[in-house]
Structures are given as structure tokens and as C-alpha cells.
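These notes are about the structure you will find just below.
Note that the chains are named A, B, C and D in the order they appear, and that numbering of residues resets to 1 at the start of each chain.
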Amino acid sequence: MHIQDCTENTCVDQIQKIFHTAEVEIQRKKRVKVKLRLDLVPLFLSYARDYLNFKHLAHISCVDWIEENEFELIFMLWSYEASLMIMVKTRVNREKPEFITLSHLWPQAETYEREIHEMYGINFKGNERLGEFILEDWEGVPPMRRDFDTIKYSKENFYQRPGREDAQDVRETISKHSGEEVPDFAKEFSIRRIEE
Amino acid sequence: MISIPVLLLLIFAAGLLAFIAHHTIPVLRDAIVIIAITIAGYIVWQLPGQTSNVNFSIGMFAINWGVTEYSQLFGLLIAVLSFFALIYSSAFMANKERLGYFYMNFMFSIGAMFGIVYSQDLISLFFFWEIMTWSSFMLTIYCCEEAQSVGLKYFIFSAIGAYSILTAIVIIYSGLGSLQLANIFANFGTMSIAAKLAVVILLITGFGVKSAMMPLHVWAPDAYKMSPAPYTAIFSGALSKMGIFGIGLVLFKLAAGQGFYPYVQEILAWIGALTALFSTFYAIFQTDAKKLLAYSSIGQLGYIITGLAIGTPLSITAALFLTIMHGIFKSMLFLSVGAVYYRTGTTNMNEVSGLIRKMPYTFFTALFGIITVAGIPPLGGFAGKWMLYESLIQSNHYFLVIVIFFASTAAFLYLYRFIFSMFLGQEEKETENVKEAPLRMIVPMLILAVSTLVFGVFPGLLLKPISGAMGYLGNFQHAWETSVLFNNWGSEIDLNTIVTSIGGVFIIAWILITVKGYRKNRYVTTKDIHTSGEVPTGNENLTYAIDFYKPFERALGSVLKPSVDKLYNYTGKLLEDSFEHLRYVYTGNGQTYAMYVMGFLLILFLFSELIFGVAL
Amino acid sequence: MTYDKNSKKIVDIIQNFARKHSLWILAYGTGCGAIEVPPTMTSRYDGERFGLRGAATPRQADVLLITGYLATKTLKRVIRTYEQMQSPKYVIGFGSCTINGGMYWDSYNTIKALDRYLPVDVYINGCMPRPESVISGFIKLQQLISEGKANGAEKYQKNLEWYRENQKKVIHNWKMPDYNW
Amino acid sequence: MDINWLKVLGIIITPIIAFIVGVAYGGIVRNITARVQNRFGPPVVQNFWDIIKLYSKKTTVSHGWMHHLAPVFAITASVTTLYFIPVLRDSKLFANLSFSGDLIFLLYIMVFGSLGMALGVGQSGNPNAAIGVSRGLSMMVGYEIPFVLALVAIMIQFHTTSLNDLLAVQDKFTNWIIFQSPIAFIAAILAFLGMMGYAPFDVVIAPAEIASGPPSEFGGKYLGLMQTSRSIFTFAKLVLFTDIFLGGAGDFGTLIVKTFLLYMIPVLTGIVNPRFRTEQAIRFFWKWPTVFGVIAILAVVMKG
């Protein structure tokens, strides 16, 4: 195989030719989305780096799908030659979140992994610096997980100055004043607040 | 009447006795050498009372020892420095091994130095010169295995020097038929111009080796680093002055008045100035404190050589004044580094820091030392530097003064580096349990330190013997008063006023700042510093010591550094190659060298008629 | 008592006047408020007219300006910085976040009321406060100084235990040098 | 023993005058800087309030006795420098201690303060401070060269090392040394830029880089004394340059005008310039100012 730059369409073809299980779609111009099985991801990433010329790892991100008991890891790769971004999505089991480090492919991955480890508790095997990163002396549930209750935590740990109960949610106040409708997802939120 | 033979006998005998005592009654060892040097000091002090020289002959050699005002100046310096260095070493060397060897060689080199300054004929001068070289070589290789190659380098340069001197002696003898200094000085002009020039160049080379004149300085930094601290003080403080002693004699007693004299002067002055400049640059980038001081020493000797070479009364005064001051302050500095070494076991400036609270007296000595070296009033260095600049400007050496001034300003860099990285800066964990050096080490250092202040305020104390010495060298006169210095343009500088005003302002400001809110003053450790709110842990290294003068290095960078480095490396390589060949001659064994020299003298003695046409 | 407004001593009057008219700011640029400091000091609003000046280190500074929300991690550094300053020293809380948490009221990581942890002399409200209000805040501080009311440092020293207790509540791993003056 | 009471009075009031003038200059400079930046600027007396405030700080941190003494060294150097400069020409009151033969002494006493400061700064143990000192000393090697070249040129031209003699030479307007040896003046004034430490040669105290460098651990009375010393030293250097190049001054009005004009050179240069790195600054000093200095000496030598 030789290195080749690809456009959106050739890229999709190329990937599907090699990774049959991958769900590839063109999300929009200059952006291709790839969904992959977890064990194929390192393989795919090194393939994308070395043969499709996605030299740059722009970001690693994480989403907590608590309902499906999974974490979603998202890797953003960028090809300078093709001006194309490829977004690789994969799911990790939430009970035992583990993945391997990518720092041998991209040194900068180490930093992203440290952040995800701290905020979501995903263990990247092989990354030696998975220690304290942004938070200091943090104990307990990683704060970005959705089962972590930030309001509760904040109430327990920090002194809350009294006197701001009247304007807890701006949307409520606005709707009271101008009759604007509060969206559904926000309603649930404000109900919860009122209950507390 | 006690005179020179007694002095020499005393010192050499004390050396031998110390060697014997070390193996039989070790307690006596230190006592012997200290008592001997004390008595020697007294003898030297009363020597000027003796008018007649000591004459006797060994075989065909007519030996003549006598006192001149010039030699008295150096004799006193040797006596004083040796006294302090020996007291210091009684504590410093306390638990070392092979002390008999150490003290014997120490005493021998002191005795040899006395011998050199009081010799009035070239044979005994050369004889003592060689003893000095051996004994200093022995102490260079004293410390450890690594010192062997350093010692070899030193010995090869010394040998170059010794053979140049010997050759010069041969030429003089063949030309004048006498080896008495008085005769030589009187009749030197009668020799042929080529012989005269050869003699002057050879002698200056020979003496220049000991005073580490560039490019003959290569041995000095390593040898200074390797020798034990009390001896380094003598090595740099007194022994290197023997070179100056010789160069002074050559310049004013032999070369003066000859046709080539102005050229010799100019060349030598520039060699001195460039020595000062380049050694200062090297010193700035050293990491070892002793090597830094060694380069500094080379630089200071460069000033002295320049001062001598200019040859005006003021410049000679300056040079001799600096000679004495350099003996004092460089001893102080080497002794204080020794004290640090004694307590921490290293002289690497990147390894020790923040000793000021632990070793305040050592710091005080080092502080006085660097202020004196820098030539900042009111300490002793200033008077010397001032006279040197004035003499250079007034004898129309404009660019020389710039070079010297450049070197002198750049000297602040390494001086600060020295005191900062050893005594100031962060207090590190490694030096937590360091204590002040023992009293026997502190007292000599402090006495020397205070003496720099005394000589800074009353340079006249030194100028009196110096003017006597200048009278001997050739009727040079320069007006002086106890604390007033004059230059040739009728200007003067009153050190009393300077000291009073500096001291006055200093004390008033000190009182003001101490009294105001004194109780609210909180003393904190060096870890309690502004670190953007971060609390440094105990192990965190906040010392800024490595590559301290990176910006300066970069500034020199493209201009100077590489070329000098290249030259230096090339020379080093060349020298190393030559060592390879010389190794077969110089085995590194002192006895072999002794054999060589004795053999050479024997040949000289046996075939003298053949070589010189005259029986010795 | 240097802070006494009615002190008859001419020295005290001069000292208070000098303190009032020379406020060196250590701008602890946390949060978004830091961006409001440059316009305050530069040509549009020119804080230097009132004797305000930036200080580089806490040793030289008089005013600690907390510009916005404080994460617990930052709070530790701010406390350290404050304790390194030399009294008389003042703290200005800048923006709503320092008053009641502002938009970070439910954050797991930011403190909600600065005055629980450091003695705040003046709060400047707003999210963000405009340079006009920043300057008015400083004028208020000057007024307090001349009235002898800006004695946060003394308050801190007197109630050190209370402050320490609060501080230790949010900073779990408390490894800080003692504050003993 | 007869005491010259006039001299004693002069010795007492000279530093006070120097302090007042120096601090006021500082305030004016802040104003001028503000105007250039289209600001209004602080009141002229602002620097007085700053210094009084620093002295009236109630607590101070010290890192040891060398740290404690550092500002003392600084002010000793400043005041002593001032003492050995004739502030006013032919004035008995302000002649101070300036005996003849003191230019080289002045060169040395001027670095006394820097070295003392550097020592005190070193004891604080702050790496930023040490970096500042390293930069400062390196810079000093840079600007001392052209300065000494210029001074040597003047010394050999007028065959004196004494300030008083130099003042005597410049008896009328056309005899000012700035006109007699303009090249030396150029070399010296370029060195002067470095000496004053304004931009582009302010890398030593660069506040944004190394947290104000050497004084970063000094606060309260220490900083106050350092600022005092800086003001006095500024005035002393200005008077020195006025005495050497601008014919000194007969009365205070002339002195103020001359020193102020001289002061504006580094100040205005500083306002409109960014910052040199240390090695750039050193190379700058070793290039053009040094060339001017050498030319100045050569010119004097050629003239005979």
C-alpha cells in the first residue's frame, strides 16, 4: 500500500474496503465519521495515520452514555494534505472502562488521555502519567461522569451564600416576565430544582 | 646574629623533622612546622638589619646569599602566607594520610622560595627554583590518582621553564664569566645584542611559566585544583609570585636600558593584558570553584605583568602592590574554598549552595576576597587597580587600559558566580548539616580578610617597602602617603575620605533600616519565595546555578568563543601529543627527575671547561 | 494605631495618605476578569491617575485583585500569595463569581464566597465589571483606607483559625507553611 | 581641628536634594510616559507617595543579613557617588568631597552598589532574582566598555582624571566637552542608555518575564530604600554626565535644565522601544558605541 490523500468519497471507500465492520458516513463537507469496534480502533488509527495521511491528532474526547452503560471515545484526526477531518467513534464498557494509550502514535495523546482519565476515569493502559492532572486532591467519582451530582457536591462542600434563590434559573424568570415558553428539557431541570 | 643560612636550615630541617615525627610522634608534627615558620617569620623580619652577604663555595660554585629590599618584600609575603597556611592546614589536613610527605614538601617549597628571593647568584637561584618545582609537583600529585596526569603537565611546563632558565644561565656565564647577580647586573650591557635578547626572552619564559603567563598557563588551573587547599593558597599566593620576582629582576636589572627594552615592554604588557582578558573569559564559564579561582589568579598575574612591563614608577608601584594584595586575597579565597571543601567534600559550584547561614565567617572571608579582587573601594584591591589604570593612561597605553578594564569588569561576573553559587542561593537539603569550619581554619582567613581592609585604607603600609624595592630595582621614585595616592598628572586620591564617607553612609543606612520596624522583620527560609503561589517542596531544586552566564556566553558566542575554544583545544591536543613522547623521559617519579637535574649539573660541572671555556 | 482616622500624629496622617494614594496591584488573573484589567490600566481609563500600578511579586504589592472565579486549586495559591504579601494589604474581589459563585454556583470545583477564605475589603459586582466599576471599586478602597476601615489583614490575623478552618474544608490536602504574623 | 561647617552642611543636604530631584524626575517621567501613551498619568508627586508608602509598610520579610544589607549597599554607592561629584560648579556648599583625580574611582564606586545588591539578591534564593543578576552583570560588561572608552578619550585629551579639572576646562559655552569631543559624547550617551536601565535595555528587571528580577523578594522598607537609592543614583549619574560633557552648572536652575534634558534621552528612547535580549544588548554595546569610543580615542591620539 502506498500513502494516498483522499477526498471525502475516496476515503469512505478506502476505509470500507479494509475495515468491513466500520460504519462510515460523510457527516458534512470535509468531515467523515467512522464508527468502529473498540479493538479495531488502534489498528484503524495507525492505518489512518500512516496510509491515509491523517498526520494530526486534533483531539480525544469522551461522552458518557449512562443509559447504555457505555463511554464513547471520539478521536479527531486531521489531514493537512486533504484538508479533511475524520472522527473516529467507539464505545467502551462503563463498568470497566479501559483502552490502550495512543502516545506511541501521537505524543500529544498523552495529555488528552490524562484529562479523560481524570474526568471520566477511563484507564489508558501504557500511559505512565495518568496521575493528578487538573484537579488537585480529588477523591470520589470523576466529576464529568453523569452519575456525579455536581449540585449536591457543591452544596456539601462549598458554602453557598444565601440570597440567590429567587433567580435560580434564568429561563424561568424570563418566562415569568415575558411569557416565553420554557423548553421541555429545561422544565425537567427546573422541577428538580424546585423540589430541592 | 641569625641570618639566611639559619633560616633555610631551619625550614628544611623542620620539613625533615616533620616527616620523621609523623612516623614516630605524630603529635609533634604540626607543632614543629608551626614553630619553625614562626621563628622563620621573625628571622625574615629582622633580616634587613644584616648588611653583609653570606659567601661560601661548594665545589666550583661561589654561593652568595644576601638581602635586598626587593627580596625582603617577597620574603615577608612568603613568611606571612606560609604561617597562616600552616595553621590552617593543621586543621584542614588533620585526618588525611601521608602527612609526613605533605608537610615535608610544604616546608621544602617554603624554604625554596626563601632561597630564591635571598639568592644573589644564579646557581643557588636555579637550585632553589628546582627544589620549589619538585616540592610543588609532589603536592600537586598528593591527592589522588587523577592528579598524576595533571602533575605531569605541570612538570613538563616547569621543565620548559627550568631549561630556559638554565640555558640563559649558560649564555650569561659564557658571556660574562660570572654567576653573581651583582656582576651580571653591572656588566650585562657588555654582552652581544643577540645574547642579551636571548637571555631576556629565555628568562622571561622561564619565570613566566611559574607566574602562569599565557600561553604558558595551561598547567595552572588543573594543578591548582588538584593540590590541597592550604597549599593552593601558597601555590597561587606566593609561589606564582616567584615568577613575578624573576620577571621584575629581568626587566629592570637586565633588559632596562638595552635597545630592545621598549619592544620587550610592549610585548610583555600586551601578553599580560591578553592573559588577563582570556583567563577572565575562561573563569566565567568554569563550574569548579578552584578552577575558577585558578583562572582568576592567572588573570590577576596578567595585570601584574602588565604593570611591571609598563615600567613607569607608578605602574611598578601598582604591580608590586597588586603582587602583595594578590598574595593575600587569593590565599583568602583558596582557603575559604578549602573550608567549604572541608565541610561539604566538593568544590563544584553546581553542587553546593546556600552556605551563608551555615558558614558565616567563611562567607565573610570570601566576600572580602571578591570585593578586593574586583577592586572596589574601600578594600585593598582598589588602590592597586587605581594606580594601574592611572599609570596605563598616563603612559599612553590607551588600548591596553581598555583591555585591562574590560577584563576587570568581566571579572565581576565570575566573582559573583563564585560567591553566589557557593554561599548564596537556595539552601539545599544536601548541605543541611554543614557546620562552620574549625577555629584554626577560620582565624587565619579572618586575619587575612581584615588585612585587606587595613591595606585598603592605609596602602602606605605596603608602599613603604615597595618604594624601597623600587629603589633597588632602578631608582624608581613615586610619591606616596599613608592613605593618599598620587598619579603623574598631579591628581590624588584620599582613601581616608573615601573610607569615611562609605563607612559613614553605610552605617547610617544600616541603622536606619534595622531600627525601622525591627520587630516586624520576619526571617524566612530561602524556600519562602515568590513562586507564583506554589509551595516548593523540600526536594524541589530552585537553585539557578547551571549555565549561569548563558546570555553572556551567547553574546560572546559568534565573536570570540569558538575561535578561542578551537585554539585552546588545538593547543591542548598538541600538548597531549607531546606528552606522549615526553612520557618516556618523565616517568612521573620524583626521584627520576632529581636524577636528571643532578646529572645535568654534573655534566655542566665536568665539562664546563669544554662548554664555557672556563672551569667553574 | 496607624489605621485610626482620628489619630493626631502627623506621621499617621501622612502614612495613611500615602497608602491611599499608592496602591500596587497584584492582579491574580483567574477567570475571565483578568481581561478587564488591561483596559483599566491603559489609555482609555488610565488607572494610574489614582496611583494604581502593577506589582510583579506579592512582596511588593498592596492589593490582591482576584479577578473572577477561584477553583479550589487556585485558591490554595491565592492564599499562599496573600500570606506572602506584606501588611497593610488589601483584597478586592472582582466580579460576581467571588461574591456568590456567579454562573459557577453549581460547579464542583470553584468556591462560592471568597470572604470565607480571605478577608475581602471591597467587592466589585458585575459579570464582568466594566473598567468604570473597577475604578470605582478602587476609589471605594481608598476611601476605606482613609477612614481606617480597610483592615482586612488584621482581621485575617485575628480570626486566622476561622479562616484556616474554612480553607482546610475545601483544600483537602493542606500542606502549607504557617502564617505567623 | 577645624571643621568646615559649610562642607558638613553640603554633605547633609546634597543627598536630600538629590532625593527630591530624583524622585520628582521619576514622577515627571511617569507623566511623560503616560502622555506618550495617550493617558493622563499619575500626579507628579506620585513617586513620593510610593516611597512613603513603602517605608510605612508594617511588615517586611528578610532572608538573612546579606538580604538585609543589600539596599544599604545600594544607597551607600549612590550617596558616595554623589559625594564625589561636584554638584554645582565653584560652589563651596556643593563641592562635597570631590577631590581631584576621581573619575576612575567613580567608575568603581558606581559598581559597588550593583555588586552589593547582587549579593543581597542572591541570598533571597529566588531563581528569578538570580537570573536578573546574571543579566544585569552581563549587561554591565556591555555598557562599561564604551563608557570607559569615552572617559579615556576625554582623560587623554585634557590630561586629567579629575572632574574638577574637566569643569575648569569647560569655562565657556563653546568649550563644553560635548563640542570639543562629540564622538566621545556619542559613545558615552549610548552607554548611558544602558546604565539607566530604560528600554530597550531593561531586560534586567523585565517584570513580565522574571517578576521584576533582582528586587522580586524585596518589599516594604527594603524596596523603599532601593527606590530612594535609585532616585539618588539617577540624579548622581545625570550630574556626572552634565559635569563631564555639558560644562556643569553654576546654579540650580541651569542644573535642573541640563540634567532634565539629558534625562529625556534615555526616557524618550525607552518609551518608544521594545526590549532587547541580553546578548543583543551586549552586542549592541560592543558594536557601535565601542566603535565610536575607539574613534574618539584615535581622534585624540591623531591630534597629538
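The rule is simple: a residue touches a chain if its C-beta (ideal position, glycine included) is under 8 Å from a C-beta of that chain, and two chains touch if they have at least 3 such contacts.
Given the structure is predicted, the values throughout are model-derived calculations rather than measurements.
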Components of the interchain contact network lacking chain C: A | B, D
Chains contacting each of chain B and chain D, listed by label: C
Chain pair bearing the highest count of C-beta contacts: B-D
Approximate Å spacing (C-alpha centroids) for the pair chain A, chain B: 71
Chain centre separation in whole Å, for chain D relative to chain A (CA means): 60
Centroid spacing, where centroids are CA-atom means, of chain C and chain D in whole angstrom: 36
Multi-partner residues of chain D (each touching 2 or more other chains): 58-61, 211, 216-217, 220
Shared-contact residues (touching 2 or more other chains) in chain B: 520, 522, 528, 530
Sites on chain C at which at least two other chains make contact: 57, 59, 76, 84, 181
Contact graph of the chains (line, ring, star, complete, other): other
Inter-chain touch pairs (all): A-C, B-C, B-D, C-D
Residue numbers on chain A that touch chain C, as the complex places them: 134-137, 139, 143, 148, 150-151, 153-154, 157-161, 163-164
Of all residues in chain D, those that touch chain C in their complex: 30, 34, 37-43, 46, 48-50, 52-53, 56-61, 207-208, 211-212, 215-220, 223
Chain D contact footprint on chain C (complex, rising order): 2, 14-15, 17-19, 21-22, 24, 42-43, 46, 48-51, 53-54, 56-57, 59-60, 62, 84-88, 181
Residues of chain D defined as touching chain B within the complex: 55, 58-64, 66, 68-69, 71-73, 75-76, 79-80, 83-84, 97, 99-102, 104-105, 108-109, 111-112, 115, 118-119, 122-128, 130-131, 133-135, 137-138, 140-142, 144-145, 148-149, 152, 155-156, 159-162, 165, 211, 216-217, 220-222, 225, 277-279, 282-283, 286, 297, 301
Chain B - residues contacting chain D, complex: 354, 356-357, 367, 371, 374-377, 382, 385-386, 389-390, 393, 396, 398-399, 401-402, 405-406, 409-410, 412-413, 416, 419-420, 424-427, 486-487, 489-494, 497-498, 501-502, 505-506, 509-510, 512-514, 516-517, 520-530, 542-545, 548-552, 554-555, 557, 559
